[in-house]
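Take a look at the structures below.
In what follows, chain A forms one complex with chain B and a second complex with chain C.
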Partner chain A sequence: MTEEALKGNALKIDHTTPDRGWMDPAVEFRKGTYCYPASVKHMNYLGLPNPREWQPYDQDWKLPKNWKSILLEGMKDRLKRYRSYKLFLDICVRCGACADKCHFFIGSGDPKNMPVLRTELLRSIYRRYFTLSGKIFGKLTGARELTEDVVKEWFYYFYQCTECRRCSVFCPYGIDTCEMTMMARELLSLIGCNINWIVEPASNCFRTGNHLGVPPHAFKSTVDFAIDEIKEITGIEISVPINRKGAEILFISPSADYFGNPHWYTFLGYLMLFHEIGLDYTWSTYASEGGNFGLFHSADLAKRLNAKIYSEAKRLGVKWILGGECGHMWRVLHQYMDTLNGPADFLMEPVSPVTGTHFENAKSTKMVHICEFTADLIQNKKLRLDPSRNKKWKVTYHDSCNTSRGMGFFEEPRYILKQVCQEFYEMPENTIRERTFCCGSGAGLGADENMEMRLRGGLPRANAVRYVQQQYGVNLLTCICAIDKASFPPLLEYWAPGVEVAGIHELVGNALVMKGEKERIADLRGEPFEQKEENGHV
Partner chain B sequence: MANKNSLYSIVAVVFLLLILLVGVQGLGWYLLFGVLIPYVAVVFFIVGFVYQVLRWASSPVPFHIPTVCGQQKSLPWIKADKMDSPQTTGGVVARLALDILFFRPLLKNDRIELQEPQKLLFKTSTYLWLGALAFHWSCLIILLRHSRFFLEPVPSVVLWLQWFDGIFQGLLPILYATDLIILLALSYLFIRRVVYPQIRYISLPSDYFVPLLILGIVVSGILMRLVYRVDLMQVKAWVMSMLSFHPTLPKGVNLLFYIHLFFVCLLIAYFPLSKLMHMPGIFLSPTRNLRNVSRSERHINPWDRPVKVHTYQEYEDEFREAMKEVGLPLEKD
Partner chain C sequence: MTPTSPKGLGPLLIQNRKPILERWLHLILETYPVDTAPLLKKEKDPFLNPVRSTIAREIEILFEELLHDMNGERLSTSLSSILKIRSVQDFPPSEAAGIALLLKKAVQEILETDPQKETDYEEWARFHVKVDALALRAFDIYMECREKICEIKVNKALAEKEMAFKMLERVGFRKEKSHRGKDSDG
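For the complex of A and B:
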């Protein structure tokens, strides 16, 4: 399917509603639209309940015998622990404002991808077993029996939500489908229905410190490789401290930064920046992951993975923590970490050692976003920048869902971009800032086997990219999310060929004029600068 | 299937109307419909409403999850959005107030249009906002106008409101502006559910039932004013007798009054069981009523529990040899 689609067989999108009502739970597991279940090995490593071999297209999912009571008990327990669950299950009026706000609905036309119906899948069971009106009036108030088909339907649709929270911006009550998806995924996990693209990275992260399963010695050689590359580009031999006790700052980024493409160039950008300002910092191999796939599974697993950050900061005796470019990582760091594993009273309120700026907004978590840090450096004129080195790029910026609706992180990256590149264009207003569209691969859905759904979910974002491409000749989409950086290249190849993807610190690295550097002839991608005589370097 | 849902509701409302007709007109059960059902309905409403709100409030908000819609407060030279990324309680109050009073999120609404081949167009779509705003505001004003039946002396605010609402009576005798607006708005909200395929698809029978019930209330109310008039002084006397727990039967009223009253009773009794609880619910919504300060102030999870973690020691034990080989610092050699 995927390859066919990529060959130019346009995906058909049909927004007409089917004749079959939504209360019928039957689902067809079509190749390309679902993720593979979690492997027994990784479930066992994490100690997750009811591991087994099964496939979504199997008739028999080999659910535990008491699956129904597990689910209902689990639901009862969660209703007690989360006000959001109770409230959001009760107060939706089905006004439909959210219907066409979901990228998966827009791209698939499947009505069960409207946020209102996605939640209704849970709500119908809640009504039947937990509300008076549902018990009395049954179907008339939208109550349904919990059957194995409903479990299959949940698995299909709650792994077709990227927890991007766009719907919650448009909902008059702020009903957040992300919360509903989190609840449903926790429930599914109780009966052993997980997807591998979440559980394997989480298990890797638990064991090796990062999602990709990079062991410490491999991390070291990756860093050495980066040092060599930077030397080749700038002529400067930098040093990169790892697991160094007594450093002032612990730096944590998503593992894709040092293993993925185009993340790698952002990684080089960080290293060059830290060298240039003489930052007293360290990487950690034990906490070599900022991202947290646990968040996509359960609050407990999110806490288990997140615990490493503070515990490593304590072991190394740093003063505060700096975090790299990542989306859901920052949702966890901003909205969850202090609650999950705080208080970080052994750390100090973050102060930039270069500018003396106090990051009061992070005075409790003690963790600062690299874009806040860099924007402060630039604003205080601590960096020499040559934006002409990025002149081949006509740049637009994609607001990542989590940094946007989870943090309100809009101006810092834009400020940096405008300082390090020459041409910057915004995508249409309905598709940026708090109204930004997801890449379609977040919340653990970036699996290759899910490619058709990813392409469909990515349509609204890609459509806006294509608009600025046609309008202004934009050829670079920048973002501050590791999942974006991984998912956009195939997406744009399909929807908006000719637009490349980069992190912000890649462009910073390009523009950064380093003390003692040789004349640069190529950018961080190794691509030679054009017409260098015309715009002689500083 | 979805069209059946609106049909179910119409049948249900007609059936309820028949019950009343038979009960009042046929059997003459005035006491039941004029005294008992109103009392029961009010008790249902109050108990149910309070119970639901307490039930929500009894569950904690374990994580700090505001939906942020504006620039965060970070560096001093970046202008923070005080309302859509609220840092203070004042900001939260302003945000909630605008959301509740003016339905701001609906104002952002846009409609997606799919153009061939696979091109998306965004069109602003404010009809839902307009319809919802017109409905809720006229509902509120009508309720306030009705407070003249419950309060003695009638507050001047209510009289003033009544005068203002009737400002067009010169053109259209004794018709309140809000009566007209609520009729139009309700019809729009109902028809929208029937006409738009997507909205029809998501609508439950109960989604049609509520506007129909309210429509019944509005129409019977308007008819009582315009055509088959009732003695308002007598109605007030009845309300007062009910409020003082010395109930009498309403005098000087007609069948329309009983229909009006019965439908109001059904609505308020059904209120706590239904989606109408969105009214108190929005105040408790954790995505809207929290400040965006989760990095500067710690949010406590009351049921926080220990989890199994993978410690640094366990990690080093597994990788010690390899780490040693590449010269990474170790805790234990």
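For the complex of A and C:
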């Protein structure tokens, strides 16, 4: 076969110096590969520096006159503030272990998408201006001058990293390339180089409490609409508490859940579950967003947007917080919230009111993931489930980058799926769990204008989905990340047509046998069940 | 037949199938940047290196079809697997879709040194016509991929518009609109 034929035969690579080495920062901004810059309106709303009209393909980016000193001061400041930043700049030995681990590199073949080389774009400037050897020997030590072309190159490549951290799993030094991207984006923001797909949601969130800019009365109308849909499906009229003081639990989910598709069905699943177990909880119209696009911009903006969660928990007087299906939301909640806006000493260690389980893992943040909560309910046999209602689905599960690599969260979603579905198939081992491939649209890159880049980045994940589709007939990719739910449908339409996307609590909602429900004839999508339901089990 | 007796092109292609496929694969991988190509060659796992594994798998099928019936469906499926990838990468259309033409170069290089080759013009011309047909089909499929990308963008925009209308409907926008409509009609 071809594989065998290749053994022992070298690729004919031209080893002469290429026309352009990696130090050449020139970048071509081709349509489909970059995101639009942030709008003046939203930059102003957040008080970000240098708001202006510009486009990446413009020759003149209208940078501030002293842009260079702003960037170098910004680097200096961050080198003092963040030890990890300095450490990661210094210790990389360029072993190349990360080189072929990035989904953007695998999908694009662009060498500057090798994590080591992408970081070198930043590291070369650090060497030139902050190390003695770089100052003296310049290029010989891999140091580069900071020029406008370097700024453009940073903008191009650091907005091609989804901060998924797959590369860091393979780094023998544990260098977190995601943090390097975070630093580069912070620096770019200092001179007004932001993308709109991050700044607009962040601005909306600051204004209305959620990324989509849904005001409180629209949120209430949406909930009422969901109540009507659930009544139509189950015959049960549920109540959904909003801004209720004194509730035991505050529930927060990404705003896409009550606006986006297919997120909406996950939203219905939450509401049905909470009704069924009689949960004493409330939604909030102020903390109406679990996600945090500030994370993709700067630590300061992440902190500003995150503050509303503890603030609202305090105002409403709840005991602890439950969070919905989201990816980066959980990275902030799990890894940063405690230090950004904690300690939450006014809250209690979360305890399930139904099972009595203490969520000791959330002792510090006081916030529990809904999959942990639901898995515990199922484990303690508190839910009546009929997996046959999901019989049309052959299911696989995508580990979202942030919940898997950011939280080590692998088993609960799989446990739930195996209880609510009849057929579950794993994708190949080297593409799941901590080695999961990103959807290619995270960290603020899920815009429409960069669709080609997203398709490149999504290739490794979609390739594994295609495999289980061909091997086992998988027709549903489940995930617990709002960005995944939004980004996979177009991705799979291209790479693996025929595979749909759903959240886990949509399938929970389908399988949940509710007390007093009428005979269900359709699933949460309104699609009729193929055959009469079989008896449920407890 | 003695080792030095001439053979037709078909048997020669079959006999040299492995080295030709190997060279064709390498010529395609060499279209990637100099720093990338060695990594594409090194990793054989189909899930960690879908670009290489897809190309390697599909060009085998294309080669088989060139030697036999040129089954349209099989050719299209294989070309589509490769061109879906190359049409979203940083290649100009000619380079993305030009993979078929690289086979001519691979065959020429491999057979150049074969003592049994003969220079039957007609056979070579027929082979070139087949490869040219493959190249043209590749360009059609490249265009289908690009159109699909465009369609996905349009569908996404329409879905977002639909979502926005649903949202407006939930907050009573349509009701007000129809009310205004009645007023203006009246």
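Here, the second predicted complex is superposed on the first by the 513 of 538 C-alpha atoms of A that agree within 3 Å, B and C clash if a C-alpha of one lies under 4 Å from a C-alpha of the other, contacts with A are read in each partner's own complex, and residues count from 1 in each chain.
Going forward, a residue touches a chain if its C-beta (ideal position, glycine included) is under 8 Å from a C-beta of that chain, and two chains touch if they have at least 3 such contacts.
Predicted, not measured: the structure shown is a model, and the values here were computed from it.
Of the two partner chains placed by the overlay, only chain C lies in contact with A:Glu493; chain B stays clear of it. Of the two partner chains placed by the overlay, only chain B lies in contact with A:Leu79; chain C stays clear of it.
Contact with neither chain B nor chain C is seen for A:Lys31 once the two complexes are overlaid on the shared chain. By the document's definition of touching, of the two partners only chain C reaches A:Asp110; chain B does not. By the touch criterion stated above, A:Lys62 is placed in contact with neither chain B nor chain C. Using the contact criterion defined above for the overlaid structures, shared-chain residue A:Pro460 touches chain B and also reaches chain C.
Within the superposed three-chain model, A:Asn430 lies in touch with chain B and with chain C [touch as defined at top]. When the two structures are aligned on the shared chain, A:Asp176 is found in touch with chain B, with no touch to chain C.
In the superposed model, A:Trp22 lies in contact with both chain B and chain C. Comparing the two interfaces of chain A, the one with chain B and the one with chain C have residues 11, 13, 22, 99-100, 106, 111, 114, 117, 217, 221, 428, 430-431, 459-460, 463 in common. Those residues of chain C whose C-beta lies close enough to touch chain A in the complex are 18-19, 21-22, 25-26, 29-30, 32-51, 54, 56-57, 59-60, 84-85, 88-90, 148-149, 152-153, 155-157, 159, 163, 167, 170-172. Within the complex formed with chain B, the residues of chain A that make contact are 10-11, 13, 15-17, 19-22, 47, 79-87, 90-97, 99-100, 106, 111, 114, 116-117, 120, 131-133, 137, 139-142, 165, 168-176, 179, 206-209, 215-217, 220-221, 242-245, 285-286, 299-300, 303-304, 307-308, 311-312, 315, 333-336, 338-340, 342-343, 357, 359-365, 367, 369, 372, 375-376, 379, 404-412, 415, 428, 430-431, 434-435, 459-460, 463.
By the touch rule above, chain B contacts chain A in their complex via residues 1-2, 8, 52, 55-65, 67-75, 77-81, 84-85, 99, 103, 105-106, 108-112, 114, 117-120, 122, 128, 132, 196-207, 273-275, 277-278, 281-282, 284-288, 292, 294-301, 303-305, 307-312, 315-316, 318-319, 322-323, 325-329, 331.
Contacts from chain A toward chain C in the complex involve residues 1-6, 9, 11-14, 18, 22, 30, 32-33, 99-100, 105-111, 114, 117, 214, 217-218, 221-222, 224-225, 259-261, 428, 430-431, 448, 451-452, 455-456, 459-460, 463-464, 467, 490, 493-495.
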